[in-house]
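Take a look at the structures listed below.
Each of the next two complexes has chain A plus one other chain: chain B in the first, chain C in the second.
Entry: the complex of A and B
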């Protein structure tokens, strides 16, 4: 085996130029696939992040009927101030919210919005916790001021410190109307969120609507897969309520998420398909120019299987070197764009497809590994045909060539 | 190899005869059919892949634009020039009736007037904020698909009837026939009020719209909110969206000074941008595939040059100029390209042609498609651009590959070359 290995290396070095070209082609393919993977993964994770951040969380607990009719009637009370027992280290954070549709009026304009009562300390799990604020953030759950989106403030022709009137339906079905001062405005990615949400302190909103209840409990876990155990734990703890994970709450994003997984493979096979033509071509040439010498070795007693192993080994070595250098190139590409690609010129388009305006590439070692393994397997498969061609030629004929 | 050279000795043209160059190129190509097929196969694969996906891409953009514009916003709108930014009630276009009549003279153009005011919509004790849109239902139906989505009842006919979203009706606890009271600010700061009967419910597939848009007759809103012959938007659409661009100048002619024409590119920047984003990411894909295939062509030519070193040496010894030999190899590269592209384009055209008739069902992605303004079946666009770009890039690539490889011929010494293995 060691001898075979040495032979393979030497054979490869016999035609440096051709093999170098082939190596470049392999490296381009591998680097291309890897670089695209990091972007695709970045896109996928970003989409997930946006979906989770958009007040969804990984898992959400709601009252039956709330989704169809977001009304304070469809609410529930959180008995004690704690979550059901979830495995250690799984939960990153959770937030209880009271979220209902409301009408907001400035002196000049009226808009329909979603009014969200929050405990600001718990909102580090959603976009509002990280958003850039002009003015002040809400100070606590009893803060009786509101936080509105920048775009909404613009449309309402109002600004920080001024007053707004909010009309919302109370627990008894009657409308409540109250004036609120604007604590601050928030700047979110894209204008969709800014137009839709108005935040207020949770207990302050509860007081207005004369209720103790909340409409949702949103839980964020550490890793995406953990949403399933978290979901079942929450289901057990809240048997009366609806417990849904983000994939059920946001099926479109979930569909896109799965699609991104599939496109990694589609992409790989297309690239490698294009590569295979060149690979097989070079391997055939490499084998056919040695027909005579291989014929002699076979005449001297080398077994067909050994010939096969020899050709396959050459292909594997070639592939491995190509994959390693391609991976190095893709790492370089990754580091050069690791800060993210600025898509702010396409912010609205990016928002439409559910990503933020800076695309952060994500490098997953398992992706790189998978690409490497699949490439080498491809190399093995591609070498069978050339090897088979050589073996088919009788040693005697081969020697006469 | 030895065999090949000795059998067909005078394979390259010693003279500059063009016809001979081509004949020889063709013959040389088939000296090693397997290699030629594999290389041409790579070219065919790449051109098939790239032309096919470009056609699909263009088709999906066309579909996206037509369903986005045909959904609600129209292909173009005439608005007050500050309305987009400020959206104030008094920022209207007038005289609307006259403007509409003159626009309708343009053949194939449909015009629908809209006014939009914000109001508190109440049924009994429950109230929600809503945007009240006054429209001409008949004109709208010729322009956009939005009003085909009535799920209960019918479109308003009488002046006091209203169409609301299913989601809003649930939120309000309202049913067909209930009275909906709309209360908001009218023009000049007065109170605008309307009491309407719910005639129909719609479900547009976009919950945020279903929750916030209510539709009634244009005149009712104009009267109820103190507007005269004014509209916030004249929505425009041609039978065929391709007619829009050549008619732009004519559409904006004769508009009042404070009005502006905005095309779908301005109305739907997110569509333009997401197309642009998709185009950029596709370039990465096409680029890698084409580079890859070019490298495999380079490889093939390296092999060709090596195994024909002796032959070239002999030609040089006979007095052939290196340029002629190089031309010969370029001709072979061209033939190789021709075979590959022909196969690739044939397959690609068959597939595109088939798909253009049948449509490709998007299957599981249907609900996703709706969000991105896509229909459930995708029809590729048939365009010269999509069909020719990849082949042209490959032509350039193969010629370049052959050129760099054959540069070596100029350095060949006839005597040494003749001795080569």
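Entry: the complex of A and C
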């Protein structure tokens, strides 16, 4: 094997120019695929992040019927202040909320919104915990002021410190009406959130609606893969309630998420397909130059399978060197853009669809590994045809050339 | 008498040249016994190489049977034929046909690697053979750095290193001048005296003169087959 390996290396050195060009092409393709992957992953994770931040969490517990009719009647009580036992170290945070449709009125305008009663201390798991606030954030669960989106404030033609009136249905089916002072306005990615959500202290809202209940329990786990175990643990803990994960709650984003996964593969096969074409041609040239020599070795008794091994070996060596250098280049590219690419120049459009204006590339070692492995597999496959081309020629005919 | 190394019976080989059949060999019977040094001679196109290639398992006859060392070649698959060539036959070709990117030593080792000989034994045997052929100082030179005569010696070393039952040489002197040819023939003679069976195809009278049996071909048939009294 050592001699075969040496032979392959030396054969590759025979045509330095051709192989160097091929190496550059492999490296560029691998670097390109990896760089694109980090951007696609960045976009995908951003999408996931906003879907989860969007008050969804990874997994959510709700009363039966709430999804179809989000109403205070479809609510439940959380008996203890403790989250039911979930696998150790999995849960990053959780929040109980009372979320109901409501009407909000300023002196000038009226809007339909979703009124969300929150415990501000628990909301570091959602976008509102990190949102930029003008004025003040809610001070506690019993804070009787509201937090409205910038866009909503603009539409209602109101501002921090002024009063708004909210009308919502209580547990008894009767409407409640109350005036609230605006504690602050929040800025979210995408005006959709700003128009839709109005936050108020949870206990304060419960008092208004004369209930102890909540409508949802949102749980955030550490990693996306923990979503399913967390879901089944919560199912076991709340057998009478509905437990859904973000993919079920936000099927559109879930589709987009899957599409991004598929794009990675499509892109890989496009780039690598073109490359493989070049590789096959180059290997054919390399073996055809040596057809006489290979014929002589076969005449001496070298098996056809050994010819194949030799061509495969050369291809693997080429690919490996190319992939390694390409991966190094892509790491350099990644580090140079690791702080994120500022898309604010095009952010007008981006904010509309709820994507943040800074694209943060995400480098997954699995992706890099997969690209490397698949490239090398492609390299092996690419050597079959050239090997077959020489094997097809009888040793005697090869010798006579 | 001992069993023959090569037995050809009624061997015919016809090539199609632009749809004209060319009878390279017709109904040839040819037997080689251990220890013989046979030259196949005859004019160009008389079928010398064809016979040698058929005996060497590189070509198959259209008619007739060939056996080498008791094995009927007609029954072997391509892969088994390659195995037989690897383990039982040694080849020396007209052009030296060494692997240009391997040194003299590696060229000789390569064949043993294919045979699955261990690295230590490989290096030992290759060095010993090259040493014996007067190439001790050339072990690490690549073919391009060797003269024609030296390259042909390396090719002989490669052919005999695994002690084949039969050494086949097709026009081994074609690219050599007369003094290197003489050296090569002395080497072959010496190998033959040590028991190596040799069949060589040649139209070089000097090569013929070293052979102990001269088989003369014409138009794909054996014209005469003479034992030469060794001096």
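One rule holds in what follows: the second predicted complex is superposed on the first by the 392 of 401 C-alpha atoms of A that agree within 3 Å, B and C clash if a C-alpha of one lies under 4 Å from a C-alpha of the other, contacts with A are read in each partner's own complex, and residues count from 1 in each chain.
Methods note: a residue touches a chain if its C-beta (ideal position, glycine included) is under 8 Å from a C-beta of that chain, and two chains touch if they have at least 3 such contacts.
This is a predicted model, so every value here is computed, not measured.
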With both structures placed on chain A, which of the two partners, chain B or chain C, ends up touching more residues of chain A? B
With both complexes superposed on chain A, which partner does A:4 reach: first (chain B), second (chain C), both or neither? second
Taking the superposition on A as described, I'd like to know which of chain B and chain C A:36 touches: first, second, both or neither. first
Under the stated touch criterion, which partner chain does A:14 make contact with: chain B (first), chain C (second), both, or neither? second
Applying the touch criterion given at the start, work out whether A:301 contacts chain B, chain C, both or neither, answering first, second, both or neither. second
First, second, both or neither for A:103, with chain B first and chain C second: first
Check the residue A:263 against both partner chains and state whether it touches chain B (first), chain C (second), both, or neither. neither
Overlap of chain B and chain C contacts on chain A, residues none
Flag every residue of chain B that touches chain A in the complex, lowest number first. 1-3, 34-35, 38-39, 41-42, 45-46, 49, 86-88, 118-120, 125-131, 170-171, 184-185, 208, 211-212, 269-277, 281, 284-285, 288-289, 291-293, 295-296, 298-300, 302-303, 306-307, 364-365, 367-368, 371-372
Quick check on the complex: what are the chain A residues that touch chain C? 2-4, 6-7, 10-11, 13-14, 292-293, 296-304, 306, 395-396, 399
Chain B-facing residues of chain A, complex: 15, 17-18, 21-22, 24-25, 28-29, 32, 35-36, 39, 68-71, 101-104, 108-113, 155, 157, 167, 169, 173-175, 196, 251-252, 255-256, 259, 267, 270-271, 273-275, 277-282, 284-285, 289, 343, 345-353, 401
Chain A touches which residues of chain C in the complex? 53, 56, 58-59, 78-79, 82-87, 89, 91, 93, 97, 99-102, 106, 109-111, 113-114, 119, 158
